[in-house]
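See structure below.
Read from first to last, the chains carry the letters A, B, C, D, E, F, G and H; within each, the first residue is number 1.
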Amino acid sequence: MVEGFTDLGFARVDTDRRKRCGFPEVIFGFGKTPEQVAAIARVILKKDPVLLVSRATPAQYEAVLTAFHEARWHEQARCITVERPALPKLNGTIAVVCAGTSDLPVAEEAAVSLELFGNEVDRIVDVGVAGIHRLIAVKEQIEAANVVIVVAGMEGALPSAVAGLVSKPVIAVPTSIGYGASFGGVAALLGMLNSCGSGVTVVNIDNGFGAAYAASQINRLAQPPTPAT
Amino acid sequence: MVEGFTDLGFARVDTDRRKRCGFPEVIFGFGKTPEQVAAIARVILKKDPVLLVSRATPAQYEAVLTAFHEARWHEQARCITVERPALPKLNGTIAVVCAGTSDLPVAEEAAVSLELFGNEVDRIVDVGVAGIHRLIAVKEQIEAANVVIVVAGMEGALPSAVAGLVSKPVIAVPTSIGYGASFGGVAALLGMLNSCGSGVTVVNIDNGFGAAYAASQINRLAQPPTPAT
Amino acid sequence: MVEGFTDLGFARVDTDRRKRCGFPEVIFGFGKTPEQVAAIARVILKKDPVLLVSRATPAQYEAVLTAFHEARWHEQARCITVERPALPKLNGTIAVVCAGTSDLPVAEEAAVSLELFGNEVDRIVDVGVAGIHRLIAVKEQIEAANVVIVVAGMEGALPSAVAGLVSKPVIAVPTSIGYGASFGGVAALLGMLNSCGSGVTVVNIDNGFGAAYAASQINRLAQPPTPAT
Amino acid sequence: MVEGFTDLGFARVDTDRRKRCGFPEVIFGFGKTPEQVAAIARVILKKDPVLLVSRATPAQYEAVLTAFHEARWHEQARCITVERPALPKLNGTIAVVCAGTSDLPVAEEAAVSLELFGNEVDRIVDVGVAGIHRLIAVKEQIEAANVVIVVAGMEGALPSAVAGLVSKPVIAVPTSIGYGASFGGVAALLGMLNSCGSGVTVVNIDNGFGAAYAASQINRLAQPPTPAT
Amino acid sequence: MVEGFTDLGFARVDTDRRKRCGFPEVIFGFGKTPEQVAAIARVILKKDPVLLVSRATPAQYEAVLTAFHEARWHEQARCITVERPALPKLNGTIAVVCAGTSDLPVAEEAAVSLELFGNEVDRIVDVGVAGIHRLIAVKEQIEAANVVIVVAGMEGALPSAVAGLVSKPVIAVPTSIGYGASFGGVAALLGMLNSCGSGVTVVNIDNGFGAAYAASQINRLAQPPTPAT
Amino acid sequence: MVEGFTDLGFARVDTDRRKRCGFPEVIFGFGKTPEQVAAIARVILKKDPVLLVSRATPAQYEAVLTAFHEARWHEQARCITVERPALPKLNGTIAVVCAGTSDLPVAEEAAVSLELFGNEVDRIVDVGVAGIHRLIAVKEQIEAANVVIVVAGMEGALPSAVAGLVSKPVIAVPTSIGYGASFGGVAALLGMLNSCGSGVTVVNIDNGFGAAYAASQINRLAQPPTPAT
Amino acid sequence: MVEGFTDLGFARVDTDRRKRCGFPEVIFGFGKTPEQVAAIARVILKKDPVLLVSRATPAQYEAVLTAFHEARWHEQARCITVERPALPKLNGTIAVVCAGTSDLPVAEEAAVSLELFGNEVDRIVDVGVAGIHRLIAVKEQIEAANVVIVVAGMEGALPSAVAGLVSKPVIAVPTSIGYGASFGGVAALLGMLNSCGSGVTVVNIDNGFGAAYAASQINRLAQPPTPAT
Amino acid sequence: MVEGFTDLGFARVDTDRRKRCGFPEVIFGFGKTPEQVAAIARVILKKDPVLLVSRATPAQYEAVLTAFHEARWHEQARCITVERPALPKLNGTIAVVCAGTSDLPVAEEAAVSLELFGNEVDRIVDVGVAGIHRLIAVKEQIEAANVVIVVAGMEGALPSAVAGLVSKPVIAVPTSIGYGASFGGVAALLGMLNSCGSGVTVVNIDNGFGAAYAASQINRLAQPPTPAT
């Protein structure tokens, strides 16, 4: 366990992460200067082929773009990605199911992260429980995925309904969409933690990235063994 | 506005309540001695034909029974009722829809109260969203009611689903059933307050009586005008 | 249950809502782009005569106005409405009772929604419990309504007092008016949920629309049967 | 500021309290052994004529009674008092107004404390806002007092209504009576802190003693100057 | 109880307040337009000699000044006052004790309100418990007042210390000064509610006005009887 | 979607669950009578080979045992299981990693559930972060599993450390072990939701069953394709 | 970092703890069976001279006593200790200052732990801020200690006052003593975290042991260098 | 205890603080005007050689700089310092260990304060538990310090891991870095209060200064006795 990191003074970049955990370190953009983000990005991309900056700002994007012309800015998802080359594509899809239009930014953070990690994404938008026929209409489409990410704000009831309809692992992402007694996503979070739908697991409020990371880990497990290897 | 109450020293019984609000005063049993409950009951039944004691104890029941042989004890609902005679029966039904078997005591408090107030009750049990086909199977049955009371613990998602299926007013009752992050019913309460199903109104945790009272008021409004009056 | 919605990619508009629930889908403006709002509005108004956008912005109004010249902007209520033609008017009135002048925006959201849904509204402003004679002076006016919506911030005591004075269903709307230990409306919300006034039901903080929707459902039940139908 | 206390090892009894604050130290019984209570009582009664133990237990009473045959046990108030002799009686009365029968134990803790401190008490029970005529009927009776203590659980709305009716200082005591979203008295506490009735001050949940202490201080201020002293 | 108010449409001004409660109605400026404030001010000043607008804005001040040239703006206290003529001055003083310099705005709201109500104010600033000798140095000064208002943020410990030093009623005002686990004044509020100093009563966070109102009521009680009345 | 359930009056057993979701319905024992549990068990075992009752009581076990002699009682896990025959065993293992000895009951609920669902379990106990060498010693053992369930109370830091050491999906279970500011497991829950270890998903406090269910779903995905099917 | 622990199946005893951290592992008794406690005790005492079991039960004590006749039971502190032989005594004292008599059990847990760790303890009881002269009387006694542990419930104001009087590190222990808005010690905890007294650090509610451990670490630092070593 | 402070009207500067507590009074900049800060600074520097203003603004810095040309502005730490001359340097170092790059501002507030108080600081950045090898690599470096300050946001797990690796006192500083269920640092705060690592003490969220003050007090205790004094 000697070393395995690069000390930049303001950051100790975990260059050993991909070997241990399967994916390189991801930069949490919040509260970092553009210069810090770019410097960390350089260390990561020296060893690993892809980069993800979550909760990023346009200024951080500019700094990364200067260093890496392949950098892309995902407006709605507030993410920076670099792929050179892309990770190998995995079999099967991951469904990202979204309760309402207002939940889209969090769903996009999940989708962008999933695609960077090599997954194919099936986006299904606006199937909240107040019009349950919309959800039932896509039941087979969801069942066809290997993993299901369900993004919902307000009362966060959608994961319970989805978990009761399909046999695949459901990862629930509460969003801060709502007002008053939604308490910035707490109502949705509690709803999901208390889900009567068996097997729902939950990540932090607005944490599309975290759900994507877990779903990618699961999807890798679901890959057929590579023949003759 | 002179008088309109009887002062017992430890209680000022509101003998004017039925004239103002349509139903006689109801005794909240919690924290009262059997003697206090019986004494208040005597004042109410002197002027009004029916009595309801909610959150009652067997000892309170004994005290009331001594004074009024018609008194009945509703074990699951923890209520005492006296009818002499019963209130006139109203047209139409009120559906009491219950998410799980463990929510039955609260649902029964609502049903017992509704029946005392002259309503016909349609009990529909265990139709939680984790098996949504159970709910869809009773959609017409629910729509046939004038008002719908939905009782649910855990994540409290059922009222949203019901409100999206029918056109009748939905009164949601969160229950304290659950554990951990249900926080004694808070998760269900928040879920219902943030319902994406339009028109859901909410009462306090485990307050089956309150939902019944409101539903009765609505059902009275829904009565056809009595001919030639 | 085939279809019943229109898939716009970013939204699945529930075109079946009015048939199931009695009113067309309402757009929750918060977090949607003007283009998204206008596009959803087009789908709704293709099938239904009226449109309501709650929590709307002036920019959303501009986008809707471009598409529908009948669109109206309700400044205080932050709502967009379109009526072409208006829904049929219902008999009876709904009282919107307001504790203080600062609660007016929420009360107006309720009133605008009620009027769009075909109800006649009786606005009663600034009758908080600190000057109870102001409330008693309008007791008969409130009793004359079919349903009562009570809007209050701070300690949210008004619904208890109203419920004790009249026989009609009371729907309580806590507002975020207050400071310090009002916690953005939580104090009023808890006050209303614990009301000693029987039959008070509650909606989310600042949710004037939700109260209006429930009150409309009740008022429809209260309509006299149409003769010879 | 030398000394002014007696060190018992497990307690430093503040024998200087009456000189500084006007009343001798009061024993908070909770969590103390009967022996500790009796020992502290001995120190206090050596210097001061009266003793109050709040939140006391019957076992503590037995221990105090053994030492002081004048000791009295107040069952409902859970207090022990000793008067030898009693403090001089003050002019004027203090009203203890109580929202419901279930709030009586807290009201009695206030009343017993007030009487020990030399005040005359006017008890007014069960005048909650759900039957506001009961409160209006005693308006003059309340105004006649020098100070008003208002005890209420559930939504805690009574102090607002009282403060709007009279000109005397109102001290509000939230009680833990209620269930569900009353959160052990938090709803009543928040209601009182956010009271729209000007001048309401608040003490801790179930703290009848604290309200009595403050009311006594105020009542002493209200005493007419003793002639020729 | 006929009338006693003026209905402005957006407000029902309680013109009966001074007769019932001793002081005219006070305008809570928050959330009201300058026009609304000025209109309410006109109604109040038609009947009463003084006006107070709390939580006011400069724009509201401009509107009131246009109507009443005597209007004064209290920057730090965020209050508007009008006196024509002033209320009669009361005997004795009220001490406003302040834990730290950052708590001054709330203390000033209390002081300005007190002075308008006819009280003489003794301001004592920055005597927090971390340097307890500063408090002990002013012990006699505080005891000389009829009532003591103690303003403190952070842990809110000052009222306990003051209450243990003097015999006068202590009204505690928690402020929102602090950060992190102060939760906008909640830590100070809880500290004051749980004060081990007997007789401390508490008002809402940052509610300098409320404390002043209660203190004024108490100070009036403390006035010597006017001779030959 | 016709039927798919059996209506027992007090329960609508979801007999369609295994077809939709992969496992038969599980009985949540809390709040149900022994008779209700036994009756539901009969319906489930009529169609499905295995039964799980979580949060069960000895009395419920007696009732189930009377009906099914194969019933087993898992004392520490508070579970009843019936297997006739057992479900087919899956390849690979699931690690159940436990922070402390006091967390064992929750870990056992997970382990018992996993085994009933056909998984092989590797129990790793007492490797909390205060002695991190204990965790590092089992790093390879954990990596060898397909899925990792991490059970921890107090500050709930273990999942972060585990997620940083291995590449497999980590499901975190907060327990209610702790005191004071652990708030019945809330501290651990928040710690896990905010984990800096990527890909940690979380279930409700003490919800060993929920983690097991999700882990089983994942483990099934990880099975090699059955040859010649 | 090979090994350094003993795996008992239900526990991995950290036998390396004293080498790394200075004190052997301490057993947290809560939730462990007497057999588990005794078995862990055997492993610890095989390598280390002293044992501490906190939050212990009499049954656990019996089990430890059977194995080690030197075991002692500390009733008030709910601790088991074994010393064979005792750790060497450190120079200087640690003051354990206690706000009220009801806080004694937590103070004793601290004192018992300190003594086991080789520290001399100076107990100072019942010097709460409501009688500040009691605290000032012991100012020099406190300053004479190397470290100060301050134990207080209710509003938790004592650490602020102590920190302002002396120059030694103050470790604050909030206790769960109080009622109502003390919320089981939360008010005291928040008060201490927001202390205006510089340098106050805080441990969990009722965590006398934790304070003692930290104070011991500090006291060891304060030891004079052993001559000629 | 005569005097010991200077009364500026808006502040009572505690000029006795260094004598009692070892360091001069520190100015909490938040909510003070630049003029107030400068005036207080003048009083402090008249008697004491160094000045610290925490939570300062650039405008406050300008005001202090005008008065004292030695004033320095610490951008990241938001502190103003003046040293004329500096305090004597202490032996030994204090480690400031930081979980992530985003926590640097709080860590710098601690470091700047420590240096002003005469301590040598060893900064160790970005060693969060998700890459535990980064922490283990600096274990000896941390053990070499006299005291350890650990700064962490999100789940706040780092102090537990550090406390398990070294024998020195660990002071934990939760930061507000995080989102969603981090609740502005509450998750980290609770994690630290519930730390399974013995001896961790905690300060308020983002309170780098407070940790530094306590660490300085401890470091002074750790100084070798000055020879022949």
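Following the convention adopted for this analysis, a contact is a pair of C-beta atoms (placed from the backbone, for glycine too) under 8 Å apart; a residue touches a chain by one contact, two chains touch by 3 or more.
In this text, all values refer to a predicted model and were calculated from it rather than measured experimentally.
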Where subunit B and subunit F overlap in contact partners, by chain label: A
Copies subunit F and subunit A - interface residue numbers shared by over half, same or different: same
Of all other chains, the one whose Cα centre sits farthest from subunit G: C
Pair in F-G, E-G or C-D that repeats B-F, with over half of contact pairs matching by residue number: F-G
Approximate Å spacing (C-alpha centroids) for the pair subunit G, subunit H: 25
Cα-centroid distance, subunit D relative to subunit H, in whole angstrom: 44
Centre distance in Å when subunit B and subunit G are each reduced to the mean of their C-alpha atoms: 52
Two or more partner chains touched - positions in subunit G: 1, 100, 130-131, 136, 163-165, 180-182, 186, 189, 193-194, 198, 204
Interchain contacts (touch definition) - all pairs: A-B, A-C, A-F, A-H, B-C, B-D, B-F, C-D, C-E, D-E, D-G, E-G, E-H, F-G, F-H, G-H
Residues of subunit B defined as touching subunit A within the complex: 99-100, 128-132, 136, 154-157, 160-161, 163-165, 178, 180-183, 186-188, 190-198
Contact set on subunit C toward subunit E in their complex: 100-102, 104, 125-127, 130-131, 133-134, 136-137, 177, 179-182
Contacting residues of subunit A [partner subunit F, same complex]: 1, 20-23, 26, 136, 146-147, 163-171, 189, 193-194, 198-204, 209-211, 213-214, 216-218, 221-222, 224-225
Subunit H-facing residues of subunit A, complex: 1, 3-5, 9-12, 14, 16-17, 25, 28, 30-32, 36, 40, 55, 174, 176, 184-186, 189, 204-207
